[in-house]
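Quick one: the structure is below, questions incoming.
Chain lettering (A, B, C and D) follows the sequence in which the chains are written, and residue indices restart at 1 in each chain.
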């Protein structure tokens, strides 16, 4: 019930926003705080000692196809739910002064998006899962297409078509799973049931060939979201065009939907298929790790060459998500834990980075890295926070980015020695582009054009501080997050190693 | 059935209704058509009287003849600018429409003629009490209160909407 | 008790930094950050001394689970043994003194509070590194000191050179760190832990589980871990960042880039001592030896006082690496300790000199600065007329030794203390600590060479010996150019003055610490013992030296240090690493030989220096001209920077551009192309190849759909009546059909 | 005067209304056709109320009254739309208003 409440409160908020006059902005801001409070409550009250799902609601929805409204959370979901609920109010605050036209419609779409994301992370029925997955698509399309930058329509359509392309494949795979899940009448979309069936000896789902194809279908669907090379080109465009808060959501949550789907569906449901792509034998056995490696190195090098601040951060996202893929490909608890941590941490850190880029853009009205210089003297607090975010992102120990990256690599090295060693190039290049950017923007002599640039203000600090605290906290004490999903990961690893 | 004055008047009303309705759909001049419609509406009101629905008849006259018809005439005047706007009918359309209408009519007639439950329902001529009080009771203090309120809201919305749509755009 | 003490040591500087960070976020500054940070360091120093007494023969570990997963656990914890205790003393002591020094040196800087906050953060990180009992913790501290180094080198970030230098430092060390991380991954995969000590620790497991078949693997892992040390301790070939790091304020150079952080590499290598094999040891020793020699040669031709010291630091660090690689664990650590004090002293002394010159700039105008600049170039012309404009060779006038001279009367305290440090680093015998530590290293290397009858170690010994001689030469060159002779720049000379008390007191304390007696407080045989090296095996042709007693042993026993070194050397004979019970037996002739030779080369170096730069009987210029190619090589620092900038950096940036281009044109082009193709070209394409292309069927379907759609859409007339007509006709039909049924 | 009388009259009105709606080219004429249809419905309600249900049950009449109200509302909106269209297109011929044409 609590969970349902959390998912649908933004939807209620959306209706309220549409009905309320523009002036009642305070109320709209607070609507997003309710899911956050609930998420914090879930986070605290979540029973960390079991791997099972909690807060389960299971009600029939569409009986004809045995589709259920089945939601529940395990450690992975609750972590990402918390992230989503946390970024919600932050984005509302961040967009409050930046969105000039149609603020009501903007907020309404944003709240709809939040419902979609929250629901996605809680859904335990494949059909419901898909519905929420698609539910995020439309608001995102409009949010980029209406409130974006100069090439917003191109970016929005690119994003939409790309994701749609992926989700169509996903739909096909989903129907294939449904049709193979049993005799007519006994078919199901229920994820826990399907997971159990897929590892039942002799069941139609427990077939290597079938699993490979279905794995691919789902994988491409999620790969577009992550994004995994070569499906990534929507990301830089979408990020560059999207308004700040939407970039934050895009990098912070939407990318995680891809990797979350990989864990929830591809890994848990198709262990045989996963094995085929990660057993380290031959080309296909290394393919997933190879994709992770390509993402890391390719994303990092592309980021190094960017001169648009936002594009740089976008490409760095691609690089960082590569660590997630690499960690997942390892299939051991070190790697998977690292990947999940990296998901969460990247959500926090990239959110910070995009917010910071937004702060600068609001003041200077451009994002050309070479067009700045010496801002460190003019905006010391902003420089400090940016340095923190950069350092977290380049994996400085003591900040959260390091733990996920290190665990992913440590786990992956177990399975893929050379790919992991090569992936460490990404660490150096990552440091290179961030430090170079830091130098070009903040160090050196102050560009006389920006002598009067105002320092970061209280509202902007308010959006950044919770994320910064989380970054430091999780860097110093990662168990805080790991406690949540340790059992779930152990469970998953046991399943994966049983085959 | 004997041919009394009452029957005669009934047929008169029936004929008036049908004939004027025919005029409504055939006459070329739209103003004439509107006036024919008025006659039809009166005829229907008369039929209501025969059905001993006195309140309904009154409503018919007041609302239809007094309200809707005037509205229609207004519409005619405001859109054409002159009263004798000709109605143009295409031949093919006329034929097709006629055919469908005729088919429909035949269909209805067969249904009317062949439905057993509707046969031999003769007006015995007994006088029923006036319905106004009963209707008032049923609407305001009976099962029709909610539909009544809904309809009134609908009417209100329709009126506001109509006013909004038809007014001249001030901005733009 | 130990836990709370160590916690206190760590928390004090951290708290001092946190105060700054929190206030900074609120856009305020805390004016007395300097007192706060210094007080924190002094508390940490006091605790360190308490710990020194606390340490018992049995090392202690205290751990907590940091990251616990299903099958593995990463713990964080303290490991307290004698080496930790000594490092704690070194770090807190130098750090405290640098804090005090900085109060004078940095006075008036617009970012004065920030400087102390950074120093605090650095102290915390360094101490964390030192006390960590596992590789992950060391790595964390490792990177954090890197961050602090970055922040402090770039402290005056308005200068482009500083901004470049801090980035270079971070990136160069990161390259090494990645190597270290790969080494960690190898060890982790093998042992499923990153803890070093205890029964489940890497050392215990490595000793018990590994066989001779694992030696190649273990050597690679050892060398990879050492890569981290190469980066951090500025060994060849990753040394280029350290000279550039002199762009930071001088106290920073003293603390981070001379005494503590750069020594962390040595500390790490020493910590890894138990898993070193003979191959990895040899690699370490060679890297150290080459670095020691090459850096020393570069230092000869520098004119920037800080750069001379920077190369000297690199050279000395190479020495320490050489010692550890050659198995002289105690000697290496001892040199680390003594070097920390005398090198910090040298840097602070140079800082005092720079401050004296710099103070003049504070009085003068900016124009004057430019004037000085051109003046400096004028001088430069004399000695290296055609050296050209070399990257990073622009010397600030207040650091250029050619502007100095005769300062010994102006700044007596600075002069005396620096002289002590110089005598120490040059290895002037008996009363200076540097002699003992350097001699111990030389003796250790020679001992290993004789014992193993190994050519490698003889070569290494010669390298070390030459480096020692060169060190004596360039250090006295520095002293002669700075403090002796006539003032070269009268204007600057006139303005120079002795530094304030806050600066001279640390100098005096450090000068006292450069005397060996003090060091025996914490360095003696009972205290420091080398750990066993189960995987280090002497080569088959090893020559086991006959035991010789007495002789020079008596002289060494004056100092506890030598006892420790002797004990170690003795242990070295037993290649399986059991401890010798009694101190003195097993002294080879190595010690005597090494000592005599080292005194000789040091004397030679000082004498030559005196001839060149004081008596001027020999002309540096004429030597320069005679050996032009060699001089150029030294002057250009063996062209390392040119190689990195011209090849590696350029290649990386080029590759990045290539990738980005690829992404923008090829990958994105394909995506957009697919869109365009589906829209336009495909239709024309299929028109031409309708029957032949396999896709024809698919496209035909599309075509048919298109055509049918084109026809069907006419139904959509937009006319309501048509719709209505169809609806009604449909209804009639339906009713008719159903009635017919 | 049987039920069937009324039903036949109603059917005629309905058919004529349909005919008008289908053939007329003038929106107002169509509206008049619709009014005919509505009237035929109301007549049916009243007739059924009189003949089929018990005489004291007059629900049919009330429904017819609602029907009249709806007709009024519909007429008002219809005419408003016609006016708007007329302003926009200068015509109220439905076959000339075909922006929705595919």
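Details
To be clear about the criterion, a contact is a pair of C-beta atoms (placed from the backbone, for glycine too) under 8 Å apart; a residue touches a chain by one contact, two chains touch by 3 or more.
Bear in mind that the values here come from a model prediction, so they are computed numbers and not experimental data.
Under the contact definition stated at the top, the chains bordering both subunit A and subunit B are C. Put simply, the chain farthest from subunit C by mean CA position is B. Chain centres here are Cα averages; for subunit B and subunit D they lie 7 Å apart.
Inter-chain centre distance (subunit C to subunit D, centres taken as mean C-alpha positions): 92 Å. Rounded to whole angstrom, the centroid-to-centroid distance between subunit A and subunit C, based on C-alpha atoms, equals 36 Å. If each chain is reduced to the centroid of its CA atoms, subunit A and subunit D end up 57 Å from each other. Multi-chain contact residues of subunit C (touching two or more other chains): 721, 725, 728. With touch defined as above, subunit A holds no residue shared between interfaces to two or more other chains.
Shown for subunit D are the residues that touch two or more other chains, namely 18, 22. By the document's touch criterion, interfaces exist between A-C, B-C, B-D, C-D.
By the touch criterion stated above, subunit B contacts subunit C in their complex at residues 93, 96-97, 100, 103-104, 107, 110.
Of all residues in subunit A, those touching subunit C in their complex are 158, 161-162, 229-230, 232-234, 298, 301-306, 332-334, 337, 374, 376-377, 380-381, 384-385, 387, 391, 396-398, 402-403, 406-407, 409-410, 413-414, 420-421, 424-425, 427-429, 431-433, 435-436, 438-439, 442-446, 455, 461, 465, 477-479, 482, 486, 489-490, 493. Partner subunit D is touched in their complex by these residues of subunit B: 1, 6-7, 10, 14, 17-18, 21-22, 24-25, 30, 33-34, 37, 40-41, 44, 47-48, 50-53, 55-56, 59-60, 63-64, 67-68, 71-72, 74-76, 78-79, 85, 87-90, 93-94, 96-98, 100-102, 104-105, 108-109, 112-113, 117-123, 126, 128, 131, 134-135, 138-139, 144, 147-148, 151, 154-155, 158-159, 161-163, 165-166, 168. If you check the complex, the residues on subunit C that touch subunit B are 721, 725, 728-729, 731-732, 735-736, 739. For subunit D in complex with subunit C, the residues that touch the partner chain are 18, 21-22, 30, 94-95, 97-102.
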